[in-house]
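To start, I am sharing the structure in question, which I have written as structure tokens.
Lettered A, B, C, D, E and F in written order, each chain numbered from 1.
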């Protein structure tokens, strides 16, 4: 199994989620992160002093899927999350050695 | 001229005041009338804070700092414009006509200083009490057009509303203009204050369009939940409190027992209407949706208050409760109605101030024999027509000059970051995907879908 | 009948008012008495917002919208019930007995309109001032039983409290019933308002049981920290402000120098008691726990206010400070005491309103020669017994019919999501594991452990 | 003695009061003067809540509970100290000198009880109105030294400020001391209340030093954004509302038409100055920074209010607007100025209360013929010198005994966790890296850098 | 070394933490996430419009442990976090190549 | 490619970020986490009852870098984030099999 970790723009979450559901991906885990990269943040002003927002809100979507699904998932995410504008984010793929469903104790791909 | 007739009624009821030579008591009446204006006026000013908190609680966290700024600055604008233009345009030499005269306002208490208290109260106290009402009309607008309007364009609209639109129509009913000659009866402003704000808000909401993501192509409504319910509740409590002054002060006198009794009845009825509106709204939402939406209960209380404002002196407690109760039900029904029309009213200002402002005005004859349904109807129509036309002109003029709506990206990021350059809650982690996924925080998901 | 005796005392002190023919001044007194009721009544109404903010700040974020709704809707219920039943049950024809008569209340100011001002004030102003007190008793209950009671069951209890329990016991001491005949002295309601709310809250808290996770089997106390300290502070400030009206308005007159002097002394003493209660509580927690718990300081100020409420007119400033100070210390000690009994009082309502309500009532004879300790004691016991019995019956009746407590899962998810169907702070990321791990946010960890 | 002269002026204008035998009206005047003190005093007390909310909104979330505690407890200290020492030190037998006498204050209304109303108002109402002013001076200090001062050291300073520093300098101008003999004119306390708080805050801020991370070695300013803008806005609305009582009550009379007229003018001018200050500040920040910083708009409104406080009775509405407008501009310019000096003023208290307190005092002669610029200048200087010296002594004495500043680690973790042992918002996920990375939440990043 | 990543119901954190401490696991890192899966969220109501809560609050617990400990840790978590009701969550195991304790610079299993 | 996951004290974020930028690391993803370990939290007090703060706020920094950069990155983070006091945190290194830049679809090290 593989973990597909996607850093995307927050307003793209819906599209990614919809695409995954349509692909029959049953689950995912999402969290709020802040990103630092080529995309530069805006400057804010407080009582006469300006300052730069270095860290930009992003959403991290983690999907654990079977090895076969990886390619499809990656390209779907890439398609859905892309706006063509800087800061669209990344997709990282890594190996998952074992997966267990807590409720049933099932393991392996059945647990996803 | 409502302002004076009522007071004179009071004077006649009080022999000691009718007799010119009986100075002492008459002076005390003058003092009491003045003090009543000041104390009640402070309560009405406080309503500006109530609107501010209500709206801060009902917008999303990314637009809170902006709505705070709008709510406090519009009160500043109201004060300045009512001094520069408003007061005289509303009250100076209307004589049954369609408007007063232009010119700065200045206090003239020479007569009273010379021992002639027939004015009834000090000029300043009267100006103060009238000015705070003007601010209320703007507050109604700000809630309805929130989260997408440009700061300075909104403030520019407030300048015209306080300086021209509000005072001119106000002169008709309160300044001794043609409506008052006809016998139009609007005790504390269901029409003259609340529906005026409502009509201006309606034209603004239509010309601005809905917030991105509020309505999906499929016509489905995506709620954009308010970010701070206790603030919205506090705002409603403040408005309820301030309304005692709004209606109670509109007795315009305290110098004799008759006025004191009337003020008591007005305050009691104001309270009963708020109770009726809130409880009716709660029962209504429980029945319709099986859950009690707090924001609807808050709207219900305000709906009751707006409904009684046109005639709080004549009903019995029971009648006042019912008038308010009908208002509460109307507000609950009006919210989905405006959504069906895709008119995006962020805080329910149209349902509360426009719909119930009209209802309250038309309800006056039910308990007030002297009021005529026809005249009330004419007043509602005339005011509505005038405000729709004038405010549309202003909104469109702004739209095609400096623009009235922030860019789609600014709207997505929030007015706070883009227009004010700061966050309302910088220390707190905000969720960019809310209940209805992608909606709260960032609505653009819906944007891209639609 | 406290309401009248005090006023008559005032009248007698003022010759010009005693003489029937001297209408003018007497009319002014009538106006001033009326205006005082209205202004002070508005301040007491404002206390409902104070309770609302205090409680919103002291419950967890998942129950905030619900507590907001309860606090504003109970005020609506108080208004309607006091009109339908309460007022007459409390004040109409009690004549030394145990209750007044049933029947709608309506204003009758015919005498005053005819120039006879002996009533002293307008009927509406009196009703308004009495009604707002009724709401305060409910507010005390809502804070104590928060975070686990069902919305509609709570509101049903408020209906009975406002319509039956409060007015009946109130008629004993304030309506001219048997307690007032005995000389029971409760100036503004340490017993009649605060301890009544406290007793009703106590029975409710016991019958409901503690919130899941508050007490572990081992008997250890798991704090469930309040979610918004500035709101709780604002609520306390509002209550402090409103209390000037609560006690000051209870002079029930302003028509002569004697009443004005008494009102001044009452307000000054009210303030000193709050100061004493807060400072004493702060020192106490610093000594006991080496840190100053803000919520204890807030409770201390309120404890001082409750303590002075039974007799704010007679003490010197020093005595008032001490009476308040003792109240503050009692509150700080009572909080862990109730926790030891596993009686879960979310906001400290029992420590503040019940404990100090009793203390304040018993403290009256210390500074008021006319009050007798025995009578005060009888008043406390009789009121306590009556409210414990009647409110237990109501709580149990509700428990075995519609039920009073939300399900364990609903409690875990929060009343907002389950009963109201919305979140109080939807834009904010909440931590589901708080200070004492697993407690704030989701308490179920303790649930499963216990 | 301002307190009395103005009132007597009132008495003389009112023949019925001048004549001893004409008791009735004179008694009513006494009642009205007393009631005015009480109502206006309640509004001034409310300002303590306003400062509390403003400061809670402008500090970072980790210091909010502490600032709440400071703001409410300082009001308790003010009440107790003004009773123990303050009042008599300020008003008892100053006779053109430099201070009054020591001793507890107690109400003496014997004369009035005996029918002699020449005192003009009840003793308690006067004490109450003077006491609430004393609290305001402390509130100014708390905002400026927030986020780094030790709780008990701050409260100890408040004890001295309320008990010694404030009353002594107050006796000069208001207690009939040397400054009033010179004709120094400070109607409601631009100098005597606001600049006094400002000077004490200035010395405190300098002796304490800036918050860690506010200024980088390079001299660059790292903003530490306030955590809750709507609370700050609410606080400003509360202060604006309370200010009507602050200035309006300072007429010190309501017993005749002349006082009522003056009170009306004072309130109207107070409002116009706030409007002017806010709008001027908004335009100023828009021009300077291309964005409208809400906190600057709030400061602008308060700056306008402070500016008019020294002389709200004499200006026309236009003049009042301009005086306030200049104040608003001064505040906007003063904020970066103090930052350049590395004097860290968390909420802008120096820019608002000190700078505009001075400006307002010096502006009196512009509209008040009787005031002399030289005398005003002497008053400003003398008060400043006295407060700088005395408060420096107190701050330094505290610094070298119990210490005044929390440890660097405590400051990093926040005063709430370390001094109070609790969080203000425990349910909410806070971001420990804010706008300017690493600054909000935890400032230590800058600490380690610098 | 292995990373054991557990997605659990928030109110189960205490039990998991207690179990780990008893097993002598000295540390863990916890974060707030939102989960999408078989478990369906509740619907909320706002001003007359209903909407579905798609993402359910969950807690992610990350434990880096030695290879030998993995089995014990996994079964302990599975035991403690399970309620038998849908939405109990998952356990994912992956490889950690290197671990350093920042304070001391120690690396490998000593750093845990 | 490798993922370098750092759990650090929040106030160290700035220094780490600066060091990375100086090393030419173009991006990173940051999130709020709470840590449990040797470092014990402080006790809080609420209405007379004391309780222990078990979970201490930490920042997680995730950097995906090329294999060659790992060593330099790790030692830089270790240097910058260390205060020598307990609770400084950990650095975990794991393998990333694939990386895609959403905007362009670039993959591998070019995507970083």
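Assume contacts are C-beta pairs under 8 Å (C-beta built on N, C-alpha and C of every residue); 3 or more make two chains touch, one makes a residue touch a chain.
Keep in mind it's a predicted model, so treat the numbers as computed, not measured.
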Chains touching both subunit B and subunit D: A, C
Please find the path from subunit A to subunit F through touching chains that uses the fewest steps, and give that number. 1
Taking all residue numbers used at the subunit B/subunit C interface, answer same if over half belong to both copies and different if under half do. different
Express in whole angstrom the distance between the two chain centres, defined as the mean CA positions of subunit D and subunit F. 46
In whole angstrom, the CA-centroid distance of subunit B from subunit C equals 32
Averaging over Cα atoms per chain, report the distance between subunit E and subunit F in Å. 18
Return the residues of subunit A touching two or more other chains; collapse runs of consecutive numbers into ranges. 17, 30-32, 34, 44-46, 54-55, 94-95
Residues of subunit C that touch at least two other chains are 25, 28, 39, 225, 228, 234, 289, 291, 293, 295, 421-423, 425, 428-431, 433, 435, 437, 441
Give every touching pair of chains, nothing left out. A-B, A-D, A-E, A-F, B-C, B-D, B-E, C-D, C-E, C-F, D-F, E-F
Residues of subunit E touching subunit B in their complex? 34, 44-55
Of subunit B, residues touching subunit C in the complex: 14-16, 22, 25, 28, 32, 36, 39, 43, 60-62, 225-230, 232-234, 236-238, 240-241, 244-245, 248, 254-261, 263-265, 267-268, 271-272, 274-276, 278-279, 282, 289, 291-295, 297-298, 301, 316-318, 321, 425, 428-431, 434-435, 440-441
Of all residues in subunit D, those that touch subunit F in their complex: 412-413, 417-418, 421-423, 429-433, 437-438, 441-449
In their shared complex, at which residues does subunit D touch subunit C? 23-25, 27-28, 30-31, 34-35, 37-39, 41-42, 45-46, 48-49, 52-53, 56-57, 64-66, 68-69, 71-73, 75-77, 79-80, 83, 104-107, 109, 112-113, 117, 122-125, 127-128, 131, 151, 228, 231, 234, 419-429
Residues on subunit F engaged by subunit E in the complex (per definition of touch): 2, 6-8, 31-38, 54-55, 58, 60, 74, 77-78, 81-95
